[in-house]
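Shared chain: chain A. Partners: chain B in the first complex, chain C in the second.
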Partner chain A sequence: MSERRFDFEIVVVGAGPAGLAAACMAAENGKRVAVVDDTPWLGGQIWRGQQARPLVPQAQKWIERFRRSGATLLDRTSVIAAPRAGVLLAEHANGPREIHWDKLILATGARELFLPFPGWTLPGILGPGGLQSLAKSGWPVSGQRVVVAGSGPLLLAVADGLKKLGAKIVSIAEQAQWGRVAGFGATLLAHPAKLAQAARIKWRLLGVPYRCGVWPVKAEGDTQIRQVTLTDGQRSWTEACDLLACGFGLAPNVELPLALGCELLEGFVWVDAWQATSAAHVYCAGEPTGIGGADCALVEGQIAGHTASEHKAEAQALFQERSRWHEFRSALARAFALRAELKSLATADTLVCRCEDVSLGRMKQFAGWRDAKLQSRCGMGACQGRVCGAAAKVIFGWGMESVRPPVLPARIESLISVAEKESAEGGKASTGSECRAPALREYEN
Partner chain B sequence: MSDQIELRVNGKSIRVAGGTVVAAAIALAGVSCFRKSVLGEARGPLCGMGICMECRVTINAQPHCRSCQVLCEEGMEVRTDE
Partner chain C sequence: MSQTYDIIIVGAGIVGAACAAECARAGLKTLVLDRGPVSGGTTAAGMGHIVVMDDSEAQFALTNYSRRLWMELRPELPAEVEYDSCGTLWVAADGEELAEVRRKQAFYTERGVRVEVLDAEDIRSAEPNLRPGLAGGLRVVEDAVVYPPCAARFLLDQSKRHGAELRTSVTVHELLGDGGVRLADGSRISAGRCVSATGPWSPALTPGLPVRKRKGHLVITDRHPGFVRHQIVELGYLKSAHSMGKDSVAFNIQPRQTGQMLIGSSRQFDAEDTAVDQPILERMLKRAIEYLPSLGRLSSIRVWTGHRAATPDKLPIIGPSVVGDRVWLATGHEGLGITTSLGTGRLLADLLLGRRTEIPASPYSPARFEGAKA
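Now for the complex of A and B:
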C-alpha cells in the first residue's frame, strides 16, 4: 500500500473500546475497514499498555478479536483535518496521509478536564488518568507519595492502580458531596459487575482516606510540587506529596466531529438511535456522545459498526443493553456534577492558558472565547485550546462554536498539505487562515 | 519487561524496560523540567495522552516531540529544556 493514500469502505477514528468494537463488527460483516489511532498502542485510554503485564480479560478479548477481524490498523497516525467529504488528512512520522472513506465512525474518546488553581502548572501535577497511563508505560511511582484529587470514579481506579505499582496514596479528595457519591453507589446495584469491581477497589484501598466534598485550592513547590492545600469549604489543610493526580472528570473530544460538521447537543456529539450523527455517512460512538465508561463505549461501538455495514437488525438487538448503560451514564453525570466553588479557584495571576501563559486576570478582560483568543492568544498555542478551552467553558461558560484545523497539534508540512489542497480546490473547506498561521508559528519557534 | 533499551537523556545514559515511553525515561533520569514556558516556568507532563503538549522535548534532534506518546528506542538522544 502506498504510504500516502489509503482507501477503505469504513474508516474508524480511535482504537479505544468504542473504535475496536465498531471495527470488529464492520470487518466481520465483510467490509474493508481501517482503524486510525494517534498512539502506538491498541485499546485507547483504558486498555493501553505496552509493558509485559497481563491485560484484563475484556481487553484481551477485544484486542484479539480485532486482530482476527481483518481490519487494518493505521497506528501513530493523527487525523488533523477533514479537507472535504470522504477524505481525512492525517499525520504520520513518514509524512502526511490521505485516508478515503465511504462511511466514517468517530470514536475519538475523551480527555481529562483540568481546572486552574494557584500552583497547578508545577511539574508533578498530572491528570489522574494521565499519571495512570504514564505509570503503565514506565513512569516511576514506586515509593512516591501521591495525593489524588478532583472528581469521578476514575480517582478510585487510579489510586488503586498506582498503589499496585508501589505508590503511597496519601489521600483521595472527591469534590462531590458524600450523599451524591453514596447515591451513585446505590445505582451500581443495577450493574452487579461494576458494584463488585468498586467493592474490590475500596477493599484494596482500605486505610487510604477517601474524602468527599473536598477539593484542592493551592499547590506549592520549587522545581516541582511539594505540597497541596485541600479544603472542605470550612477548613483547609496541607498534605505533603511528590505527585498530585488531579482532574475533574472527562471532557469529550469533539474537535474532529465538529470539523466534519456534526451537530452537538449540550457539548456532546448528537447521534440518533443508530449512532448516526447529523453529518451524512458519519457515525459516532463512545465518550464523544457522553461520558459513560468503557462498557457503554463498547455497546455504542458495536451498534455503529453494524449500522455502518448495513446490518441494522444486529444493531437493533443491542439497543436494550445500550439503554442500561445510558442510565449508568446519566447517574454518573448527576453524582459527579461540579460544584460552583471550582469556578473561582484561580486568582487573577493564575495562568489559565499554559501554552501562551495567559492569566485569569487577562482573560477576564474579554467578552468571550473568540475575543480572548484573538487578543490574548489564549487557546492559540501548541495545544490549540484543548486544556484552557475546556477550563474556560467551566469558568466563564464560554463555548466552542466551531473548530478549525488542525484538530490535533500538527507539524508544518502536514498543515501546508491541507492548505495546498484547499487552494487547489478553490479555498472552500473547513480550514481558516486566521488560525493556521499561529499554529505554524508555534511550531517554528 | 526484561528487554532493556539504552538511551540518553540530556547526555546521561539510562536503561529502561521495553514499552517505556520517553516521558517516563526522562522522569527515571531524575529530570522534572521538560520544557520552559513562555514566561520561563518549568513544566512537565499534564495529560499523559498527547493533548496538552506540556511534555514536549527534542528527540533525535527533532524538536517539539510529545514524549508521552513516543516509545523509547535503542540509542535515542533526548533533550529537555534546561
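Now for the complex of A and C:
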C-alpha cells in the first residue's frame, strides 16, 4: 500500500466515541478496518487529549480496546470529498490520500452552535467546548474569570473542567428554564451513572451560581471582553470577566454525509434500526444522527460496526440499550430547546458571518439563505457557512443549500486524486485521456 | 384591452436584469419574473470576466460594445459589484502560441482595443507565480472583473428606480403569443411583449430553440491576495487540434477583490446534472497547476458547477422570436453573458423601440435559426 492509496473493507470517519466503538466491533469481527480522523488524537471531542493522560475510565477502556482491535488509525487526515462510490479523498500533511472502502461508517460528530449577540466576536469569547479543548492542551486559564453561558449539559462539564485547571468561574448561565432543566435531572434517574456524574460536578461547582432561564445579551470590552450583560427576561445585569465561554448546544456535522448522498430528517442524518443511511453501504452513528452524548454515540457506533461487518445478531442485542439512550437524547432536546428570545439578540449591526463581515441588518434584506448568500457573501468564506449558516437557521429558519466539495477547506492539490496524479507522473494515459481538449479555437471561461 | 405591462422579462439573471434596466429607462412599464432569487441561475455560477473577444467579428462587436458600456457604467457601480480593471493576460507557452499573440495584437490594435505584448521576461515580472519558461503573452489592458450576482442586482435596482417591478419565486409556464405569460399556478399576466431571458433553460419556454447546456466547473480559493494580478488565460487550446473529444479544460484564473481566486475552466456537453465531475475537475486543476506550480499548495474552499447556454454559432440570440411577434428572446450567451449582458440589454431596447442600434443586430437575430420561429 502506498503512502497515498489505502484500501480497507470498512472505513470509519471520526475517532470519537461513535467511531471508536464502530471500529472496535468491525475489527473484532475480523474485518480490515481503518479509522480516519482530522485530529492527532483518539477520542473525538469529548476524550480529547485522553490518549496521553488517560483520566476517564470509559475513554481509557475504549482507546485500549481500539489499540488491541487491529484497526488502523489514519490520524491528521481530513476527509474532504467523496468523488465516487467507494472512494474518499483526504488530506494529510504529507500529501493527498485516497481511501477506498467497501462499507463506510460516518461518525463525524458535532460542532458548537453559536448565536450572534452584540459583542460576540470580541476576543476572549469562545465556545465552551473550544475553550475546554484549548485549556486541556495547555492554554493558560488559571486565575482567569470565566462566565459560562449558553445551553446544554456541556456548560456544567466545561465549568467543572476549567475550575479544575484553576479558572475562577464567575457564573453559569443556562438559557433553558429551571423547570425544564430540573425535569431533565429527573430523567437522569434512569441513568444512574450520569446522575452520579452530574452530582459530582455539581458538588465540585458548589458556590458557583448556576442560573437557569438566563442568557447573554451583550458583551463589551476593548481589545478583549471585559464584561457580559446577562438577562432573565425581566432584569439585566453585568458580570465582569476575562473570558466568556458561550455556546448554544451542538449542531451535527452533516456535510460529509450529505456529500455521500445521505438523506436528512429534520437536520439529522436519517438512519434505520441498523444505523444504515439512505446511501448504499453507508452507515452513520453518534451526533450526526441526533445530539445524544457520548454514551448514545458508543451504542450507535457498536451497532453500526456490527451491522457493517454482517454481525446482525450482535447489533440487534444492543437495540434495547440504544432505545434507553434515545430516550435520554429526546429528553436532552426537550430540556435544552432554545428559547425564542435568542433569535433576536443580534442588532442590525451585529455581525452574523464573521468570515465575510456580514451584519444581521444586511442579511435581513433578503428572503432566504441563497439570496442572502449571493448578494451579501454570507457563508461564502472559509467556514462555508458552518457557523453563520447554523445561526441563520435558528434566527430566520433558513435552510442551507446542498454541500459542495471540499467538505473542509483543502489544498488544491488534494482535490486531485492519487490515481490521476500517479498516472500523470508516470506518463501513463489516464482514463480521461481520450477526451482531451477539442479542436475548437475557443476561449474557455 | 389595456395591457398591464408594456413588457414582461422572464429571468432575473444578468441578461434579464440588463434588459430590464434598458426597458425601464426607456419608459416601458416593465415586470421582471424569476422562479428563484435574483441571479440564482448561471449568473451565480459564472466568473464575471469582462472580456473583449475575437473569435468572430460579431463576437468582437458585441463584447467590445458591451465592455465600453461597462466602463461607462463603472462610476455608478456600488462597491459590492467589485469592478476591477485588472486586465486580461493571455499566456503563450511557446513560439507557436506567441504567433497567436501577434495575431491577436494585430486584430485588437486595428480595432482600437488597447493591448500590450509581453516577452518572456515581462511575463515573469507581471505574474511572478507563473512557471518559468513561458514565451510571452498579451495584456488586454481594459478588460475587467465584476461580481455578477451584485451586478445583476444593481441593474434591477436601476430598473426599479424607473418604475420596473420585480417578482421572485414566480415560475412562468408559457410565453403567450399575445405578449403575456401564463404562470405555473395557471394565472396570466398580460403585456405588450414578453422577453425570455432564461439562459440555459430557454428551450423549455421556446421548444426547438437551439440552446444547449454546457457544463462548467469552478473552484474558489481562500484569501491569498496578490497571488495573481490579472485574469490569466492560456493560449494552449490552440495545440489541441489532434484531439476530438467533447469535453475540454483550459487554464483560466481570476483574482477577486477579496484576495480569493476563481479557477476555471471546463466545458462539457450532455451533462445536465450539477454534480462535480471528479475526472474533469482533476484535469482542470492539473492544467492550472502546470501554469502556476505553487497553486496546488493554496487552500480551496468550494467547487461548483454551472451551465452555459450554448448556441451552434457561439453567438447569443437577441430579438423577436418571429419577425414582428410579441415573444422576444435574449438568451444563448454561452460563456460571455456577464460581459455581453449590457450590450444585449441596449440592443434589445433599441430593437423594441425601433431606435437605431449602435452595432448591427442581425448576427444575433433569432431568425437565423429555424427553431426560434416556432
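Throughout what follows, the second predicted complex is superposed on the first by the 407 of 445 C-alpha atoms of A that agree within 3 Å, B and C clash if a C-alpha of one lies under 4 Å from a C-alpha of the other, contacts with A are read in each partner's own complex, and residues count from 1 in each chain.
In this text, a residue touches a chain if its C-beta (ideal position, glycine included) is under 8 Å from a C-beta of that chain, and two chains touch if they have at least 3 such contacts.
These numbers come from a predicted model, not from an experiment.
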What is the contact status of A:Glu341 with respect to chain B (first) and chain C (second): first, second, both, or neither? neither
Per the contact definition in the header, classify A:Ala382: touching chain B only (first), chain C only (second), both, or neither. both
Classify the contacts of A:Gly138 with the two partner chains as first (chain B alone), second (chain C alone), both, or neither. first
Which superposed partner A:Arg84 touches (first chain B, second chain C, both, neither): second
Is A:Glu263 touching anything from chain B or chain C once the two structures are fitted on A? First, second, both or neither. neither
Does the superposition put A:Arg370 against chain B (first), chain C (second), both, or neither? second
Looking at the overlay, does A:Glu220 come into contact with chain B only (first), chain C only (second), both, or neither? neither
Which chain A residues are contacted by chain C in one complex and by chain B in the other? 381-382, 409, 443
Over in the complex, which chain A residues touch chain C? Could you list them? 81, 83-84, 366-368, 370-371, 374-375, 377, 380-382, 384, 404-406, 409-413, 415-417, 420-421, 424, 430-432, 434-445
So in the complex, the part of chain A that touches chain B is made up of which residues? 38-40, 45, 49-52, 111-112, 114, 121-127, 129-134, 137-140, 223-224, 354-357, 381-383, 386-387, 408-409, 443
Interfacial residue positions of chain C with respect to chain A in the complex: 36-40, 44, 46-47, 49, 51, 53, 55, 80, 149-150, 153, 168-169, 219-223, 233, 237-238, 240-250, 252, 258, 263-267, 276, 278-283, 285-286, 288-289, 295-304, 314, 335-336
Chain B residues touching chain A in their complex are 1, 16-21, 23-25, 27-28, 32-34, 37-39, 41-54, 56, 64, 66, 68-72
